[in-house]
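Each of the two complexes below includes chain A, the first together with chain B, the second together with chain C.
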Partner chain A sequence: MSAAVGGSRRRAIPLAPWLLILPSLVLALVIIGYPFFEILRLSVSNVSRFGLVRGSAGLSNFATIFGDPIFQNALLRTGTWTFGVVAGTLLASVPVALVLRQPFYGRGLARTIIMLPWAISLAMAAIVWLWSFNADYGMINATLRELGLMQGSVQWMARAETAFPMEIAVGMIVSIPFTVTILLGGLSSIPGDIYEAAAIDGARPWHCFWRLTLPMLGPFINIAVVLNVIHVFNSFPIIWVMTQGGPDNSTHILVTYLYELSFRLGRPGQAAAVSLAMLVIVFGFTALYMRLRNKDPVA
Partner chain B sequence: MRRRLLWRSVWSWIVLAPLLLVTLLPFAVMLSTALKPHDEVIAFPPRWLPTHLDWQNFVDMWSAVDFGTGLWNSLVVSLGGTVLTLAVSIPAAYAMSRIMFRGKDTYGQFLLITQMLSPILLVLGLFRMAASIHIGDATLVDTRLAVTIIYAAFQLAFAVWMLASYFTTIPAELEEAAWIDGAGRAQAMLRIFMPLAVPAIAVTGIVTFVACWNEFPVALTMLRDPARLTLPLKVVNLVAGRYSVEWNQVMAATLLATVPVAVVFAALQRYLVQGLTLGAVK
Partner chain C sequence: MKLARFGLLACAAFAGVALGQQARAETVHMTVSYYSAATGPYFEKMAAEFHAANPGIDVKIDVVNWDGLLQKLRTDISGGTNPDISIIGTRWLLDFVKDDIAEPLDGYMNADFKDRFIGPFLKPAIIDGKAYGLPIAASARAMYYNKDMLTKAGFPNGPATWDDVATAAEKLKAMKEPGFGLMAKGTEVDVYWYYALWSYGGDVVSPDLKAAFASPAGVQALTMYKSFVDKGLTEDGPTNYTREDLQNLFKQGRVSMVITAPFLINQIAKEAPKLDYGIVPVPKGTTSSTYAVTDSVVMFKNSKVKPAAWKFLDFLFTKEPRVEFTKGEGFLPTTKAEATDPYFTNNERLKVFVDLLPTAHFAPTVTGWEDTAKAVTDAVQSVYLDKAQPDAALKQAAARADESLGK
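Up next, the complex of A and B:
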């Protein structure tokens, strides 16, 4: 529609669209481009802890990082973190979206409650969860005791074995609203009459789910997964607020270690190398996202 | 038929119950702790219900957190970020939805890439950039201006995307009719298009505002002076690295900082969902 209109105008005012997009282009190029090249430069430089560039370092920053056991563990843990949060979110979101699609009493209320975490600052949510998991005075231990599920107290945040899975759980809860939204959009695009046709052919609800709903939902699930992966991979506040990567570096993921290298440990050159390694991973996923988008017209 | 709906409602709520419980738990904890007197917060075993409601927590918190300052700073950077984002995104989205031009796809892909980049990945570069820009004898580090500009740069891709998908639903024929009647293109945009685009702009503005309001890592990196800290930083500073934490005050602060935004967001959730899915399906 606008193609026909614009087509005839293109020659008349070729400059207009560029003037319209120019401010946004300049803003993004400067604020995202400059830091990007700065990081590129720092990663191959010898940088003092106060940020002074003292000459080239070749690839030694990368060598140091890849030989650093904290980095290696953080890299592996980032994989666990991202996979755990995204897979858990998806497994919870598909049934929730299916339930929310059909009419029932109080659907609006249920939907509003499920969307609530979306509007809350991750830092604030993490603080509330940190307090809820408090060993002595937290309501989670108190409630588990009252229900008779446990005696004594669990020191949730004192050890990575309990702290990290709980951080993943919090990550899931805050990722569900966005994922459910995308899936609901997908479900609303499935025409209702294919289910009627399937019912006439004698299909069971279970078959309908596996043979109709899931394949039709496919592209939306793909998009939700890729966007969630990128988002969760970069997510900083939950782990930073709940454990700061501790105790003893045992809950660091790449972003928290990156922050610590940059602003606490005073190793900017290595921090830049970590940034760059993460950018490579993110770009990999972005490329995947673009391919999915291009291949699938609905996505 | 009615019975079937009733039956379906029962099992729907049963299926959703676990998620609803864990979603509401933090709100229950906030409310419970924020209204407890101090000695009941550290009483063992802890109870959900306070013996009496202690509203004094909110008064004490206000000065302990320096809540007013945090609120003002959060408002400044969030409103500033939103206005700047909209100012650069509206024209871009108009071009994307109304005009065919060479490089449109490239620009779209560029936006997509910027959306994939979280500021935390570039945080060191952003800090150094702010430190290299001098205003008078100070730099942009520890200024709300730097935070505002960074917010806008990282929000604009999403804003353009969302605005453009709304804009394409506004029929172009209205503007074309105005051209025929002798209005210039700019005049038609301002007089015909903009009034119709107000709801889309409002929704996008609110999403952007909430994102800026909730942002943590950039503010943590850029802001140092207690007089310039935003609310999330003020509250996190009450907890991080403290030996004794006044949890009733902290929960009063988180409650006051999050609930108004959450209520507005929940009320508008239907429109947001519409806009998002429009964007996702485009």
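Up next, the complex of A and C:
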């Protein structure tokens, strides 16, 4: 009996690995747990402009937020933003990755140029694009005029109809390097001999892409989608720098609205409620990512 | 051997003296907002001069960008690492007082000290009869006009009424010259519309703390601005222009009229010295009125060096430091002594602003002012973008403002 207990103990508690990861586990718990707890606390409290808790607010912060048309619109727009940027990025990245895989003279340079935007901070990139879209001296209007495509100038950032699509375009441009990197990794894992076999069977390049490349790239595309969704969903600088969610709240996504609530209007409690709502959504995407990872052990 | 021991002893004694001195010297931490490139050097200089006269007190200056100031103070306050004194927007004061973090200053001020200030500037920082802030920076708003252009339009002395503005802008438009600068992006979009609201006799908040801007005067003011936009009398796409953008357009001669603060005078002198411009009061509707803003210095309740901090404030609010500050930043004098300096008395352009002060509206210290500003900004923008009618938009904004005004 005692032997049996000893045996099960030895099997049940492999102490050494746990002891070894204990420090980082504690660290991670503290680093993740403390802010999470703080946000949870703020979201159910009546919080002053300076972050001092004045008392409990129950669920009234959540009630106010969910009833606020600005929040509802921002939520929908966050969906458009995330879908627009991620779908656009992917559509642009697959051909770019395919081209960059082909051996051609100067490929190293081309790869560098594609990756370069990654090295620039998002806020800086957004400022540069804001200048480019300037109605009076921006290069976008100047180029369009030079090409004879229009006369006068377009006030790109003056209304959501022009500003928001352009913000999505900028979001795409800054997401492409990361996505191309993932896809290039995926492409290099596809063995070359299957294409030779397909060619012998008379497959055209289009068939090769549709029947071979794309399915084999599937897991990588999945990962690119999920990681981009999480990242773009939370992306603050582009919209804040270019339109600050305006005019008339027409370009707010959740994260810019959250910032405005907390730091412009002085309502940290409601901002905490918004960030919890965002956390739930992102958590959903993360769960999806974990499932994909387990199914296709590539990333 | 003996020598070595003596040396050690001397060292110890030295260290002891040094430590003792350090313990006795008090350090006052002050946070100031970045107004211009001159702000930091000015306060460093004042701190050095003050230290020379009061060797026992060190003043440490921290310059913070205006946009990040409230956020920084918030973080510092909740972490208990806030400075002893700080410049703040006077309109934030109410929240400071509500949270019991601002020290009332009446105990430090005698009648003579109070008398240093120009009356109206002290008022916005008085809450429930107690003074919590000293007005360190003040500005009012008036209309800048491009003399060449307005002369061509038949108003060599600038427009006096909103009708003049419309007439001038129409004539200028016919000559392919730019018109009235209208801002509808960034901070103060609300204020830019209040100018017109006040000039038609309206008000933003009623005495019983309800939103009062959705009045006939308000509708008239917004309808007028909207008609400027529709007729092309403003720059194209006002929702794309912040106050800074408009000021730049004015310097480049690409709007002919703009309402803004006195500090544009300094900017024009530096960046567009050849620009021929004049300054007139905010155009009249039925009356003339302007907006005045103060920034205040407050002392925090948890400061451990209050007397020393006050001593520094006392020094800052004497004549020479004040003149240097106000001149350097292009603000208006807040103390009587500095106002007598020839720089202010002989300056025709600044005088326009000073003369406007008796009828100036200050941002009231009420809770919900920021929410009101946000609601009005949204309403004004939606009207300019053809998404709403003035009347309906203002009513909706008033309902939103009432949710937080005075609460």
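Basically, the second predicted complex is superposed on the first by the 270 of 299 C-alpha atoms of A that agree within 3 Å, B and C clash if a C-alpha of one lies under 4 Å from a C-alpha of the other, contacts with A are read in each partner's own complex, and residues count from 1 in each chain.
Convention: contacts are C-beta pairs under 8 Å (C-beta built on N, C-alpha and C of every residue); 3 or more make two chains touch, one makes a residue touch a chain.
Source: prediction; values computed, not measured.
> In the superposed arrangement, which partner chain does A:Ile32 touch: chain B (first), chain C (second), both, or neither?
first
> Which partner does A:Asp248 contact after superposing on A: first (chain B), second (chain C), both, neither?
In the superposition, A:Asp248 touches chain C alone.
> A:Gln151 in the overlay: touching chain B, chain C, both, or neither? Say first, second, both or neither.
neither
> Determine, under the contact definition given at the top, whether A:Thr286 touches first (chain B), second (chain C), both, or neither.
In the superposition, A:Thr286 contacts chain B only.
> Just checking: does A:Phe263 make contact with chain B only, chain C only, both, or neither of them? Give me first, second, both or neither.
Both partners, chain B and chain C.
> Can you tell me whether chain B or chain C touches more residues on chain A?
B
> Report for A:Gly51: first if it touches chain B alone, second if chain C alone, otherwise both or neither.
In the superposition, A:Gly51 contacts both chain B and chain C.
> One more residue to check, A:Arg159. First (chain B), second (chain C), both or neither?
Once the two structures are laid over each other on A, A:Arg159 reaches chain C alone.
> For chain A, what residues appear in both contact lists, the one with chain B and the one with chain C?
On chain A, the overlap between the chain B and chain C contacts is residues 51, 136, 244, 263.
> Can you list the chain A residues touching chain B in their complex?
So the residues of chain A touching chain B come out as 1-3, 5-7, 9-10, 13-14, 16-21, 23-25, 27-28, 30-32, 34-39, 42, 51, 92, 95-96, 99-100, 102-107, 110-125, 127-132, 134, 136-139, 142-143, 145-146, 169, 173, 176, 181-182, 184-185, 188-189, 220, 223, 230-231, 234, 236-237, 240-241, 244, 255, 258-259, 262-263, 268, 271-272, 275, 278-279, 282-283, 285-286, 289-290, 298-299.
> List the residues on chain C that touch chain A in their complex, please.
70-71, 73-75, 77-78, 92, 95-96, 98-99, 101, 184-186, 236-240, 254, 370-371, 374, 377-378, 381-382, 384-385, 387
> Show me the residue ranges of chain B that touch chain A in the complex, using the header's touch definition.
The touching residues are 5-6, 8-9, 12-13, 15-16, 19-20, 22-30, 32-33, 41-48, 84, 87-89, 91-92, 94-101, 103-104, 107, 109-114, 116-118, 120-129, 131, 149-150, 152-154, 156-157, 160, 168, 172, 176, 185, 210, 213-217, 221, 232, 235-236, 239-240, 247, 250-251, 254, 257-258, 261-262, 264-266, 269, 272-273, 276-277, 280-281.
> So in the complex, which bits of chain A are touching chain C?
Going by the criterion above, the answer is residues 48-52, 54, 135-136, 153, 155-159, 244, 246-250, 263-266.
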